[in-house]
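Lettered A, B, C and D in written order, each chain numbered from 1.
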């Protein structure tokens, strides 16, 4: 059993090692793709097991929980791992078209695979300190990917990204120390029981808030998101796609995990803060997007705004709301990564990501236009695409608890999202190119074109499938939310029946 | 000693934050070193302090003697130190590179990624 | 640093440090030491050597690109962890082989744990040298 | 406006006919429902879609939805037939017909849906497809603006609608429309009735372009003419009307429903009629008459009498027929003459006799002359207006004014261009349009006349079932459509309409100028829209510059300030702060270490010399190592010392190239930052003190101590934890180290050329 939990982490590492050792040969990139396929296969197996058997746990080194490190997969973890593998594969293929020889020699594929491993590890671990380690694995490889290429704006964006994330890391680390200091354990399932025995429950809330800030920086919520718009538009498109899809989601995941499993002792306080954070994040993010005039910068600010929706689901803390958060997480990874990939193709054929400098894509690259419209409309919440259901569930959840204002905010932000997505459409796709050129996909070499379009089309298809046939996904999210709200199954899987 | 260390950690943190807020990113690096030390001390202290007695098992014994230091936080701190070193090394090189490419160490002047006159329309 | 004496002296010192680092590595499971500390000590040896004789000499002495070394170390550590799949144990389950074990004495232990620690050693050594060498060459 | 030239044998080939077949098939198929519907049956088809959320794909065929279906598919077929010639040889005809067919299908889905959420899905699909259609001429900035305006305005309404529908569904306990409609009393009595109503009406009003949300509709004329014909007659704008009609059984009958619809409808009708007369562009004039029609329809929906509802559905059919015909005719004129300006067009009757005839028929129906269906519609309107119980004079007056103006506009649009003798020189020599373009106008215009003479054709098949669907039956409350209903008040009102309308037509050039001047003086909604958008952009820009300032120090300041504020507040609100400090007696060496550590820290902060800073940092590092040694952590201490050494080496190497800490003449004195820093430190210390007051559960450590040697064969417990108990941590950690090295290496090895880019 534990191998199904370990392999999604181990395979990207193995891939990274081989891809690095063969970095000078043309096989390095194919190793990355093959490794990603393998990861995907094992993630699917993991998912099927979790669907069949419920929460599963594996004790690393055969040391019993809570003493050794536990890997746990409940529905949420399993789906996050699966979606990570899907995104990983998509971006690995895309990278073959985009990444230069030089970047490969500097270890692009290794950095990328380790990033995927870090993300996967974060989703699967059932141990707080281990979560910190995976966060660091993810963080350092994101540093490397961010600056790979070394352009001035990458370095500049990198400085902000690195400094602000390091602050969050230190905060996280101190939080772990303090939490250990009052509970004496690091295992999440064990913590969920141990927090009940803490005498000073108020102190627990303080530490909870500390984690909230640490993860809040990672998740890019208001007012801690600055590093994201400062950096996400600078690296290679493959890199910003995988960042946009996955990195902030790990922060959201950590918030969801901690604030359902461990810190559910003072919901009135912590989740009220989260509700405010959610609302402000949605609004500031979307206004930021409305103020931008660059393809990738608009998309970057949108990430923030969308994170707000996910936090909203957590903050409301009802079955429907958490279900919405889970659905939103999954939908958003697929859609947002895809949009960044599309931005990359647009830049390659039209010459820039600055909207004022490009155009004509609708006329001369209709395929790209359609492929853009699918995730863009999905992000904007148009039915029947995936984003609609995500938004629908969250708005329903808000209305259900009579959160009129937050429901109104969520809807208004939806409108502004439409506005800023049409900004891209109305400037990059519809009008003629200012330089009079006709940006055509056929200008790209055949191999490159395939590398670009296959992942984009694949992710777009996924968006459509989730949109048109939402029932299985909704049911999944529902079960997942039920697991989150009642951690008994999680705790039992880790610690056994005796607890 | 725990109380005294708590206060010292507070001082370390305050100094680190002050340094991190400086214009010169080199000071940020100094602050980073200080605050990493502080975080390590937080973990170490949270595991409570035991004078002397490292957690070693003597030859022939099955377990360490009573009252040895808490081993777990030590392992955590060790991991954190090494990770912290990795992050620090990267940050230092990044700042070094920033100076050689951007020509400044003053974060206020680093405005390539987010240009000052950015068109807000 | 053109002093011949210094160069020769460092060469010996570096050698001693390397041997000492291996010692630290091997004793680590039972006494203070281990892969980290060993790797750090070993790296210090090479750094000294590089400072005294120049980076190119140090690179030559190492024979292999330090980042490759580090990656191999990571691979060794991973394989040590994955090895337990052969015995269908969980990842990173220690597998022990006691050479010459008797009832009283456990003999000389060989274990995946040690292999893992060697991986750690190589990673630390390789990584630090990667950064230091590159940094020195930049100056 | 997007049409291709007719020079040359440009066609869309055989595939161009394909899109026509789809609506034609649907139209034919819907005939099969006429039988059951006229027998009073209601058909439901349902399949699950998202059962977990109570959402199904269910469809309802009753009089109301069947009427719409026939109009949509019938007019759709004619419009597509027309487009195939109108846009013959257009390079993007494929896209165009795809959008148009999708739009039509979405519209059909909307009117047939029996589930609130699937209705909304189709509603939004019409929004998207209409966006693409209005912006079809995408390289023109005007088209793009109009498309965006329509999208955002109807989109905003749609979001309100969504909230309303969700609330309605939650209130009623189901999303199935037919079930909800049966619960009208329950809903009207519910506390949430008013919010639900407002939200749903917000959606309906924006979509059906009621004042003050009307301005997107005339702008939507930027679309190719066939699209306008379709959008204005049977689709898009009618979606809002449809929604109100559909929800009528659940919502109507309250004061708020009646007043809201009557006032909005009447205002829109009158306001739009004046604006229609003010236009010179034929298409624009028609666009405003659409608004007038929508206003009238809304007004009738406010009531729940048999007359009003019969009038509603009759006028709906009338309007769809003549409006589609007239738009298509204007398209023909435009296509054949190259202009749409009312003041220069004239004398086309000779060159385009068939068009002229169709125009005349349609205009007569629009103006409400007998024996056209328009006449019956108008009579019913007046009857319905009088039947509006509370304010018959208000409604009748509004209707009279609107109808007269309508008559005048009909003259301007469909009479003058053909029969005025003195036309001015036209851009192109006019001749008759090809038959596919004539088919639509002729058929639709003829239908207006045929149905007028034989209203029985639709009485039992469409009118009565629709009225029954909305008002409940039996007994039916539908009124009979009659050309001659005897001498009654409606007849007098009709006569008054003709007189007033002809008078208005006679003076319309003067009136147009006066209205134009008035219009220029009144604030324009369209410009107001621009101002709102500009305001939004300004707000967004201001907010973003404020928050995302691009200054790293400000970012960090905010993060630390958040930390102090939130943690501080939580400490204050949720805990009792520690009161007593008992510092146990310490040995001199302990004091020495602590004092040295603090001293090193302070020197690092204070110094302006890099060397001093490195040295003092070294001191701090070493004293931390000393703490580790003192408290039984030799491994940690050794690691700390070695790492500290390496840090110093690295910093020292880097320093060889880096400049001094401060610029000349600058000092690093920042009182506010210092205050914040002290705050962060204080909060940290307090939290730590609180933590240390708690007991620590040591069972993890006890387990490690007990098993380290017997089971893990190691005597150094720390090392055993690292390489065995928590080996996965260590593995992750060395991965961090490797990647840090690779990343740093990559950074350093980027060549100057790459970096300079």
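One rule holds for everything that comes next: contacts are C-beta pairs under 8 Å (C-beta built on N, C-alpha and C of every residue); 3 or more make two chains touch, one makes a residue touch a chain.
Not measured: the values here are computed from a predicted model.
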The pair out of A-D and B-C sharing more C-beta contacts is A-D
Nearest to the mean of all protein Cα atoms is the Cα centre of chain A
Between chain A and chain D, the Cα-mean centres are separated in Å by 26
Taking each chain's mean CA coordinate, chain B and chain C are separated, in whole Å, by 25
For the pair chain C and chain D, the C-alpha centroid-to-centroid distance in angstrom is 62
Cα centre of chain B to Cα centre of chain D, whole Å, reads 49
Listed in rising order, chain B residues that touch 2 or more other chains are 20, 25, 38, 42, 44-48, 54, 56, 72, 78-79, 82-83, 86-87, 89-90, 93-97, 101, 107, 110-111, 113-114, 120-121
Each of the following residues of chain C touches two or more other chains, namely 30-32, 36, 67, 71, 74, 78, 81, 91-92, 94, 124, 127, 131, 135, 138
So chain D residues touching two or more other chains come to 537, 540-541, 544-545, 548, 550, 552, 556, 560, 634-635, 639, 643, 646, 650, 654, 657, 684, 688, 691-692, 696, 698, 700, 704, 715-716, 718, 722, 724-730, 733-737, 739-745, 747-750, 755-756
Note: in the complex, chain D contacts chain C through residues 634-635, 638-639, 642-643, 645-646, 649-650, 653-654, 656-657, 712-716, 718-720, 722-724, 727-728, 730-731, 734-735, 737-738, 740-742, 744-745, 748-749
Contacts from chain C onto chain B in the complex sit at residues 30-32, 36, 124, 127, 131, 135, 138
As the complex stands, chain B meets chain D at residues 1-27, 29-30, 33-34, 37-38, 40-42, 44-59, 61-64, 68-72, 74-75, 77-79, 81-90, 92-97, 99-101, 105-108, 110-111, 113-116, 118, 120-121
So, in the complex, the side of chain C touching chain D is made of residues 28-37, 40-41, 43-44, 47, 66-67, 70-71, 73-74, 77-78, 81, 91-92, 94, 96, 106, 109, 111, 113, 116-117, 119-120, 123-124, 126-128, 130-132, 134-139
Note: in the complex, chain B contacts chain C through residues 54, 56, 78, 82, 86, 89, 93, 96
